[in-house]
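We call the chains A, B, C and D, going by the order they appear; numbering starts again at 1 in every chain.
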Amino acid sequence: MSGSTFGRVFRLTTFGESHGPGLGGVVDGCPSGVELGEEDIQRELDMRRPGQGGIATTARSEADRVRILSGVFEGRTTGTPIGFYVENTDQRSRDYGDIMDVWRPGHADYTFDRKFGIRDYRGGGRSSGRETVSRVAGGAIARQFLASQGITVRAYTVELGGIPADVTDPEGASGRPFFSPDPDVVAGWESLVRDVKADGDTLGGIVQVEALGVPAGLGEPVFDKLDAQLAYALMSVGAVKGVEIGSGFGAARMRGSEQNDPMRGNTFASNRSGGILGGISNGMPVIARAAIKPIPSIAKAQTTTTRHGEERTLRIGGRHDICAIPRVVPVLASMVCLVLADMVLLQSRQSLSPLSGLMELDEFDL
Amino acid sequence: MSGSTFGRVFRLTTFGESHGPGLGGVVDGCPSGVELGEEDIQRELDMRRPGQGGIATTARSEADRVRILSGVFEGRTTGTPIGFYVENTDQRSRDYGDIMDVWRPGHADYTFDRKFGIRDYRGGGRSSGRETVSRVAGGAIARQFLASQGITVRAYTVELGGIPADVTDPEGASGRPFFSPDPDVVAGWESLVRDVKADGDTLGGIVQVEALGVPAGLGEPVFDKLDAQLAYALMSVGAVKGVEIGSGFGAARMRGSEQNDPMRGNTFASNRSGGILGGISNGMPVIARAAIKPIPSIAKAQTTTTRHGEERTLRIGGRHDICAIPRVVPVLASMVCLVLADMVLLQSRQSLSPLSGLMELDEFDL
Amino acid sequence: MSGSTFGRVFRLTTFGESHGPGLGGVVDGCPSGVELGEEDIQRELDMRRPGQGGIATTARSEADRVRILSGVFEGRTTGTPIGFYVENTDQRSRDYGDIMDVWRPGHADYTFDRKFGIRDYRGGGRSSGRETVSRVAGGAIARQFLASQGITVRAYTVELGGIPADVTDPEGASGRPFFSPDPDVVAGWESLVRDVKADGDTLGGIVQVEALGVPAGLGEPVFDKLDAQLAYALMSVGAVKGVEIGSGFGAARMRGSEQNDPMRGNTFASNRSGGILGGISNGMPVIARAAIKPIPSIAKAQTTTTRHGEERTLRIGGRHDICAIPRVVPVLASMVCLVLADMVLLQSRQSLSPLSGLMELDEFDL
Amino acid sequence: MSGSTFGRVFRLTTFGESHGPGLGGVVDGCPSGVELGEEDIQRELDMRRPGQGGIATTARSEADRVRILSGVFEGRTTGTPIGFYVENTDQRSRDYGDIMDVWRPGHADYTFDRKFGIRDYRGGGRSSGRETVSRVAGGAIARQFLASQGITVRAYTVELGGIPADVTDPEGASGRPFFSPDPDVVAGWESLVRDVKADGDTLGGIVQVEALGVPAGLGEPVFDKLDAQLAYALMSVGAVKGVEIGSGFGAARMRGSEQNDPMRGNTFASNRSGGILGGISNGMPVIARAAIKPIPSIAKAQTTTTRHGEERTLRIGGRHDICAIPRVVPVLASMVCLVLADMVLLQSRQSLSPLSGLMELDEFDL
């Protein structure tokens, strides 16, 4: 049960399905005094909209207007839960008779049926990619808090359909198709996407997320290591099949003398650790990568089964994305924001210091 | 704070450091009636002892005798918390003056100092590999519960220092050096380990964990996906830098038509998903892999810093392992056992059925 | 931080303030297959509306129409989170200059200022009684689940302003002013309320909540005793200053021979325990009582302080209730529903039994 | 499941039964740098030992020597989990054939059997009063942390067997029989205890707990109100049947003008609120009271049932206490310490302030 709440003290609880009235969530535990308006959330939501990624995503118009329902007063958070809501506006009713009983390969149709015994057959329901609207909204709130702490998070695509990018301009990635950190690879990616689409197929890629300005000391030594929480956060996003930190799977082929980062003064001369040692941030940029599988809805013929045990050949038509990238890029950044906001708040009293966090009376006169 | 408890309803809380009196833990939430004796835990603890892995691990004698302190009566769990304890017996006192102020590269010395401001300088303390004794003990209890549900978990090494194994005999892995699923690769691995050791260096590898007999329906649709929880569990183990499920990072280079598993009847014709769709188990074997970095304690010279900001060249001598494999193999299997026990218990009332789990009066007469 | 989520596996997260756009919440962890429509929630919300309690509450019209935003498909829960929302419709804008800096005695104005440093001065904000709208909505969902398990919960007023009721007709309480279980006491209570109101004052009372059909075996032996969770749940409601179970404070004056309930066959000959022994339900009705303090907004002159340290005499005019009863009665019942739903779900796998809760394939053909 | 962990960030997990090897626990989340030695825990454990209470408790010798197993280095906490253990030394083996099948009235025998289907019939097992050893040990650690924050907690008996105390000397209570705050009532209480004992019966009482030095601002507005958490904590102790805060059940009979505490300057002129408004501490002493039921083991004849459904007359002989007071007094104080330590840590980042809690590099040179 449960499973729709993320975080320990900075907590996001989400709800909503692709074909219901809308999606939303509650951020509980955000400190008071953080500057927040609907435009701060809307900006991030607009990043995950179709069209942003150029030709890899469909032209569906999803307005996705967010509304803040509580927890903000005169432009600042009050410390009480922040409710938010995004209406589903693009709901055309149609006949679902052809798919309501068919388990689509690579989708969660079969596993939902086995788990719950009931399923909204009109779409992915709770397992639809639309669920990530709430993650991005919650992540935007975390991002506002992190900004007040000097922490920024960004994400970009380092590989698409097997073609790697050269990370020459990560700052410019958010304004480029596919969130590419490499202006030169875009044309090749676009050409690949066209070919794959023409073939009725889909493709995947690899996304890198970076957190800058993270102080040393975040994360817990054993189960709640910072890297463990990042792995949990990133792997919880639908299309992700792998997560790595720093040198990642490459570390399995290095020698100790190659993987260790030497120290110079109070910093590190390299960052093969990805900014985390023993589960705790070391003051270097935190670097994580996620492997994105190809979208399972393909136009090619597939063999599958119905709820009634009949074999069926299935071709999935309609407006479907070719790749979860670029939509998933802001989602992954949002998840990292949520983890870091939580870790910053958990850390605040890890070592003994005078009681803090309470308002003094004379502060009211300011 | 916190961070030493794992799981939602089947919960393991651990304590203990490498140079303190001992290590232990509490399993809370294990159902009553599970057969459990100290020998069931000892068997798993013996798997992670030095020597098990042949030449990759040191010859230190660690008895690691476990004692059950509560929660078991007449050979069965009672439903109350199961406390357990393993004394640290190999505690030779020595002079730590040379290392108490030096931050060892690749270790958590620096990050612990920045996080807590105080650190047991006599060893890795809480971030030592010895911490995993408690994970294996807790995992052994989970394993007993899973056995009652028809679920088994096993792990083996699929790559060491860049040399891959052929998975020809996974059943035999637990009796073979390095938990190798491939009798033919062992000699090559041993030779590599000897060379690396002679060179004063260390190496890493890749471990695969498989869960068999997992019913369809475990895991939650959004944040608490089964794969997300596995990623969290595996990445929380000290040396792990990457985690993947099913085709993993390979999925990023596949087309949708290659990654999707076709259905035949009520099962799947392939298992690229690694047994999980939409975060929920699909009845196929659950397959995860973890990338293990090389052990950071190397005999080669390294540049580092002291707490007082002085640069220092460091060579780490003494009895140290060359590779976290094979010790880490049973640890990773234990973490998967903990996740699955928790998910089985969480699932039990996901769908509406008559009130269950309560003893009827007439059962007492049996 | 946090603090707006209630429950372990049947979890309610709420948001909303008295003067914001609206209030709502998310129920996560409700099993699939439970019959649920907006009318099931509306029915309970209508119970806490002004007017229901006769003259003790004001005549403000609060429509409080609930909307279900997710988690229900074709009249049944799907196992995914159930989002709900109630708009605040009665929002007249006025000048708050007179109260924005004054700390009202008995209210949370001062403590919110000290905790958060920022406060929505237009009303009680998050500490307003309106917050309980979300509790009642969440409790209504729990009630639907409990009904499927044969458990019912009801509440009534056993004392008002010091005048006790005779519990002669608890079944009829929900249709009677003040949720009185005693037709004969109503006139006296109404007369008292009139007198207190004329005097510019307010009054309190005692509410009893009963759960019928609770099976033996719910609740945990140590910290999460059923009575501990009920005390937590009831004391979390704004006006409550005391909670007791069974003979409660009276038990402190009894002898053991008076307090113990003798057993006859497999049941109990009395219920001084209030249906709970050692923190676990014993199959008898679960009985709890809550002491409700008088509403702090009084028309009489009070001495208080402003944020700027100035002493002030305050008279609170306007439409205010005289007593939290009857509005709080359905709220307390809702909290008990939430506790019991959680405990039923937590219990389901306490003892070893074959894996349950997963759908069999042949069930789909029904 | 679960239920043996208390707290959100300052967390105590306990284990152990009356007739097993011993009892213990883990405190996770205690900040680093707190002064702590075994003597700090032992001092509190000695307070709950038999004999402390004069004639109300039995003369059994329970050494209860605590051992710290982890988390402390050179006299200070390190921020890692603090494991502790107390061996059961007074284990005489005897024949339990006469009681193993009988459900003792007022005890948890029947409910444990219904919940778990298996029970250690040699005593109360997990529901024995001995379980509180772990609470007192954990509370002692919380107390050390609170001392560093200027917060102290004390408890005393305000009523025994219906005879109230005059709270004339609360400071002296810990050195007086029954933790009496009133030197003059002791003789009367002792006389009553003698009479009740001679009669083969037992008695209850009321304990008051006070926390001094609590800053304004602790506790959360909705579910996790400070008073709600205190009610949960106190009601989780075995013999407690009622909890009240400030004027408590008396508030149900007051008018608003009597219950409200007027403000004078930045403090309150009275403390009917018990130091809590809207669930948040207001800077006044926090006052809670718990009603203790009489001990259910009585020498008088009682009617009960066996597991096999046979009616039985039972007289419980042996060394049993007449009253849970005074043993329960330090237990209740410990629970309040645990709540407050948790709330202080949760509060620390409730409002926006510069990142805190991380060690600066230059602090290491001190």
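Side notes on the structure shown:
Methods note: contacts are C-beta pairs under 8 Å (C-beta built on N, C-alpha and C of every residue); 3 or more make two chains touch, one makes a residue touch a chain.
Computed from a predicted structure; not experimentally measured.
Two chain pairs are in question, B-C and C-D; the one with more C-beta pairs in contact is C-D. For chain A, the chain whose average C-alpha position is most distant is D. Centre-to-centre spacing of chain A and chain C amounts to 37 Å, using the average Cα coordinate of each chain. Averaged Cα coordinates give chain C a centre that lies 26 Å from the centre of chain D. Centre-to-centre separation between chain B and chain C, using Cα means, comes to 44 Å. Counting partner chains per residue, chain B has residues 1-5, 8-9, 14, 31-33, 79-80, 114-118, 126, 215-217, 221, 266, 309, 345-347, 349-351, 358-359, 361 touching two or more of them.
The residues of chain B lying in touch with chain C in their complex are 8-9, 31-34, 79-80, 148-150, 215-217, 221, 266, 344-353, 355-359, 361.
Every residue of chain A that touches chain B in the complex is listed here, in rising order: 1-6, 8, 14, 103, 105-108, 110-112, 114-118, 126-127, 131, 159, 161-162, 196, 199, 201-206, 215-225, 227-236, 238, 240-266, 269, 273-274, 276-283, 291-298, 300, 302-305, 309, 311, 346-347, 349-351.
Here chain B touches chain D in the complex through residues 1-5, 8-11, 13-17, 20-26, 28-33, 67-71, 73, 76, 78-83, 85, 113-120, 125-126, 307-309, 345, 358-359, 361, 363-365, going by the rule given at the top.
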